[in-house]
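Alright, structures below, take your time with them.
The same subunit A turns up in both complexes below, where it pairs with subunit B and then with subunit C.
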Partner chain A sequence: MLTSINPTMKAFAVLIPALLLAVTYDPLTPSIYLVFTILVTFLFSKVAFKRWLVIFSPFLLLAVSFAWMTMLHPSEAFSGGDVLFSIWSFQVTSESFWAGISLGLRSLSFAALSLLFILTTDSTKFMLSLMQQCKLPPKLTFGILAGYRFLPTFRYELQVLRQAHRIRGVGRARGMKERLHQFRRYAIPLLANAIRKAERVALAMESKGFTGEPNRTHYHEMTIHKRDWVFVSVFFVMFFVSVFLSYQLGFLNIFGKQF
Partner chain B sequence: MSIKHHKRLLSVENFSFGYDSDKDHILKNLSFTIHQQETILLIGPSGSGKSSLSLCLNGLYPEGIEGNARGDIFYNGTALSHFKKGEINQEIGVVFQDPESQFCMVTVENELAFTLENIKTPREEMSGKIDDILHAVGLTEEKHRPIHELSGGKKQKVALASVLLLNPKLLILDEPTANLDPASRFELIELIYSLKKERKFSLFIIEHQLDDYLHMVDRVIALSRNGNILLEGTPEDVFYNEADLLKAEGVHLPRIVETVLDLHDGKVDETNRPLSETSLVAWMDATGETMIPSRKNSPPSDQRANELGEVLSLNHVSLARGKQSILKEMNLSLSSGELIAIVGKNGAGKSTLLQGMSGLLKPKSGSRLLLNKKYEAWSEREMRQVMGYVFQNPEHQLITDTVYDELAFGMKLNGVDQDQIEHNVTRLLQRFHLTAHKWSNPFALSGGQKRRLSVATMLAETPRVLLFDEPTFGQDAQTTAELMNMIQTFQHQGTAIVFVTHDMDLVDAYCERVYVVGDGTVVFNGQPDELWERPDIVQEAKLRLPFRVRINQLLENTKQQGAERAHANIH
Partner chain C sequence: MTNKWNLREIVLMAILGVVFAVIYLFFFTVGTGLTNVLTPFGLGPFGYEVIFGIWFIVSIITAYIIRKPGAALISETIAGGVQVLMGSPAGPMLIVSALIQGLGAETAFAATKYRNFSTGVLVAAGIGAAVFSFIWGLYHSGYLALSLPLLSSMLIVRVISGALIAGLLGKWITERLADTGVLRSYALGKEWQSKREHKAS
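Right, the complex of A and B next:
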């Protein structure tokens, strides 16, 4: 299962292919990888399809607009080829068309890879693993964990603040100037509270004997097993498989160079 | 007490501390000693530096901040500054006031593990230690729960457990029960007491509400407003001999002591000075006192008779937050000049109800009337003019840069002319003792001043309804008394007042009616005296009988038993 893969290893398995994909400019390589990622997500985890789709759909929109922009405003390198169609004064050539499609598919691959990581990783375990495997300083990791707990509090406080101001008769802000003024009014109490809370948590952590030194024992020992290496390898190998497939089919294009 | 023969654990010698080097120290020339197994109670008015002292005692200050300190604190004969970082924290633990900001992990188990990791406990031993401490504080069931889902009382037990894992020789309690409902508060104090007996650590307690701790205290240290030691001695000597001095500093006296002094006009026999509720009852029985009289101070009824019109009502109102239903089918009615309390356990929906009444939260169903007009028919501005709402955290309501602007804000909004504004603001500044701070930034005021200002901002015009969310929370004796005084003045003027509170003594002394919220609805609505007769509701809603009623009931029981014994002796 994806949830039991070591988080640091999972991050590598996701990050490296994503970077490599960035240099493949053809549409086929990212599509193969996209399909692979989605398949892995649903075959090896309990992520509900509906939830995944809800989070994925904004990226879909983003990818389409990326693709569209690239088609209309291609760089010199991709403006060759026959004119496929034209809109107003814009002419979309076959090369720019495929460059756009490829960019859209690459964005979607990134999104799918990120979701695979985010939806199957426990934040606490990720931090613990970063500390134990990557030797990140405990000050940083526990700091992030403590800060993470504040996010919902922040939203709640903003809501209370809005209500409190409404009671004072402060209406909805109109216009830029008023809005800026309102932002300042919200920011001061929110920040004042955040600083106070941060101070309190820091004191509480220190009073429990936390010094920030890396030499500490671990309750959850985050270890790297064989299956973690297998997982990373599969993701790497799959990248080269998709590159090889596009090469065989004559699509492969790296950095704008056709192979 | 035999404590004096114990070894010294911590000694403070001529210690002064301040946050700013160019300002006066806030703690001045303190010298005192904490012995092994001793329990010390530290009292003093808000802002006297009690919390700062507690952080100095375990070495977090002045190192953690840019503070400056003079003098020394020795732990077992070694100056605190000579300990390595983190070392002293294993000897001296602290439980803080705010249950929301003491943790850095998500689940109970991981939070406890965090402490053990800090002190480099071998991994194999961790599980056993975590289970043991969870058993000791009674949280075995909650081991895997996320901390943020727990009630305030349980959160504080988690904080206590994680500190106890360090096995400290001295435990500092910085008002850990201030945010808890009455029953949870009592439970936590009892737990601390039994753990202390078992583990034999010293205790250093900082508190405003003293009664429940009193029976375990060996020595009391009182700080003055200026940060000096005002008094030090046994609780009997400090509270019974120096009551006037403490009152003048704005410190709450324990109610047990207050009762005895009230009943005997300040003259008490040196040999019998009660410090626990049972000894108070025995004392009252012996001295022939029959009961503590009710101190209800409601306005004379003739003045109110012509004003008793309904100003606000809720009919079958259901309230929800998002999809989560909080309160169902609520009915409530409020008359002019009435003072009612809303009580219930942490998370029962008290604040939600208040927001429903204020019009900030729209109900899912039901109808609401304000001055015989539907809420929906009111314009926002008109509604805010007849109804005030004071939030729990006064900072949330401050929106301008000076105290003057803060008070004038509402009037400017309503187009009051400049002379009238000037006149009203001056009056409000005087009434709320803020004249000296007219041009100060509201955020720079002290806690009590901020509270007063947030109330004052609601009073540009005399409102018909005033809603308060825990108005006395975290205030010292003087601020509480001032605030309740003000609230009563409005009541006399015909304003209807509603407040949410955990303080049953306040309810007992001031309210005519009390609503108990629980299980998503109103489970009780009536006079406080009727509520005190319903132990089932009191227990279910995590309330506690007020001090007066507790003592009177105990006294009655004692007398009855005495009578029975006498009766049995005759036969």
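Right, the complex of A and C next:
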């Protein structure tokens, strides 16, 4: 289901609510959106829960870390309320506590939105759709796709480089100075090779008649259907639903202003 | 904007974007590691601040090599986009963040009308990217809820990181590349060669 949505439209569907969620500073609005995103992910795609959790869990840690920082160092707008507890020389008040929780939940709902996109989108189709729907110049699109295709080659080259160094008796680096030197020994040849490849690819493209004309025909036509629009609108409307719900329950807080 | 570019420069920009996308993703894990160490002190996100400059480096390198309007902006955006293609868990928002960082670096080059590529301007581009990304963070990551002393120290650390890692390290890497001769057909390589000939005579 989710895999068949037009990639560009899907990108907008996850971008717009993420941009809008950034105005809320209460814990409820992002949590409603987080639950909604997770539900959509598992109801409309075949993403394995275990795989999702493996990618999502580092964000839990980041969210906790950011929430903790906000609680200890709140701005004046968020430092009111009763003192909940104090640690070292910091006093955590109720307002800073909830602001921290809110920011943590916000980053989690951003992560859930991203995963919904990442785990259900084919990267080549995303690029082709950006070219056909967003008018990304074909020169750029095919340049990026060609570069993307070289990723395994780069890994292979690094391996060859490492073996070439070893066979000539260059050992493993020890200490800071040697590490820096080693970085230079690997990074510069790898980058130089990448630049040479770029030149060759450009020549190959030109010699095969690629002009980069924007009004070209496409082998893989990417199209936008009605359900793509529905998909985007659902994600858009759901933001206002969660804002409305938290307003009704008396939680809503926009830029530190309680509503 | 890309009409005045030849295909060779565009593909170079795309491939640099791909290479640095790999490096960016790698440094994401480095940042997470540093964050873990700093979290108990309530300073977790500083783990990213100290190495933030690495995420602007492709702007500086590409603009220094190609020297055309848009090089810094487009290359950074490509690097962000390729990270999405590679499955970065930060998702499509990364493209927006990269665009804003690239815009910061581009501003510095635009201010000199793309004529001056001295060390000072490259460092200014790194600082520009740091400042722009910080303003974006104020809105997007909710930094607004943080206290002023903490915010200003975050900004200072990020600016220093942008100046040193993106500006100076970026310049150093690009010049070592120019030394190898692979940049001969780009603006920087041409300047490099004429300098060398000048020195020889």
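Rule of thumb we're sticking to: the second predicted complex is superposed on the first by the 259 of 259 C-alpha atoms of A that agree within 3 Å, B and C clash if a C-alpha of one lies under 4 Å from a C-alpha of the other, contacts with A are read in each partner's own complex, and residues count from 1 in each chain.
Definition applied: a residue touches a chain if its C-beta (ideal position, glycine included) is under 8 Å from a C-beta of that chain, and two chains touch if they have at least 3 such contacts.
Computed from a prediction, not measured in an experiment: that's the story for all the values here.
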| item | value |
| --- | --- |
| Subunit C versus subunit B on the shared subunit A, clash or fit after superposition | fit |
| Touched partner set for A:107, first subunit B, second subunit C, both or neither | second |
| Subunit B versus subunit C as contact partner of A:192, first or second or both or neither | both |
| Subunit B versus subunit C as contact partner of A:167, first or second or both or neither | first |
| Which of subunit B and subunit C A:146 touches, first, second, both or neither | both |
| Superposition-derived angle with apex at the Cα centre of subunit A and sides reaching subunit B and subunit C, degrees in steps of 10 | 70 |
| Partner chain(s) touched by A:215 [first = subunit B, second = subunit C, both, neither] | first |
| Dominant contact partner of subunit A by residue count, subunit C or subunit B | C |
| Contacts of A:202 with subunit B and subunit C, given as first, second, both or neither | both |
| Per-pair minimum CA distance [subunit C against subunit B, superposed on A] in Å | 6 |
| Shared contact residues on subunit A - subunit B and subunit C | 123, 146, 188-189, 192, 197, 201-203, 205-206, 210 |
| Partner subunit B, residues of subunit A touching it in the complex | 123-124, 142, 145-146, 149, 152-153, 160-161, 163-171, 185, 188-189, 192-193, 197, 200-211, 213, 215-221 |
| Residue numbers on subunit C that touch subunit A, as the complex places them | 2, 5, 7-8, 10-19, 22, 32, 35-36, 38-39, 42-45, 74, 78, 81-82, 84-93, 95-96, 139-142, 144-151, 173, 176-177, 180, 182-183, 185 |
| List of subunit B residues in touch with subunit A within their complex | 55, 58, 60, 64, 85-86, 89-90, 93-94, 96, 98, 100-106, 110, 113-123, 126, 148, 159, 162-163, 166, 355, 358, 360, 380-381, 384, 388-389, 391, 393, 395-399, 409-410, 413-414, 443, 457-458 |
| In the complex with subunit C, residue positions of subunit A that touch it | 11, 14-15, 18-19, 22, 25, 55-56, 58-59, 61-62, 64-66, 68-79, 90, 96, 99-100, 102-103, 106-107, 110-111, 113-115, 117-118, 123, 126-127, 137, 139-140, 143-144, 146-148, 150-151, 154, 184, 187-192, 194-199, 201-203, 205-206, 210, 212, 255-256 |
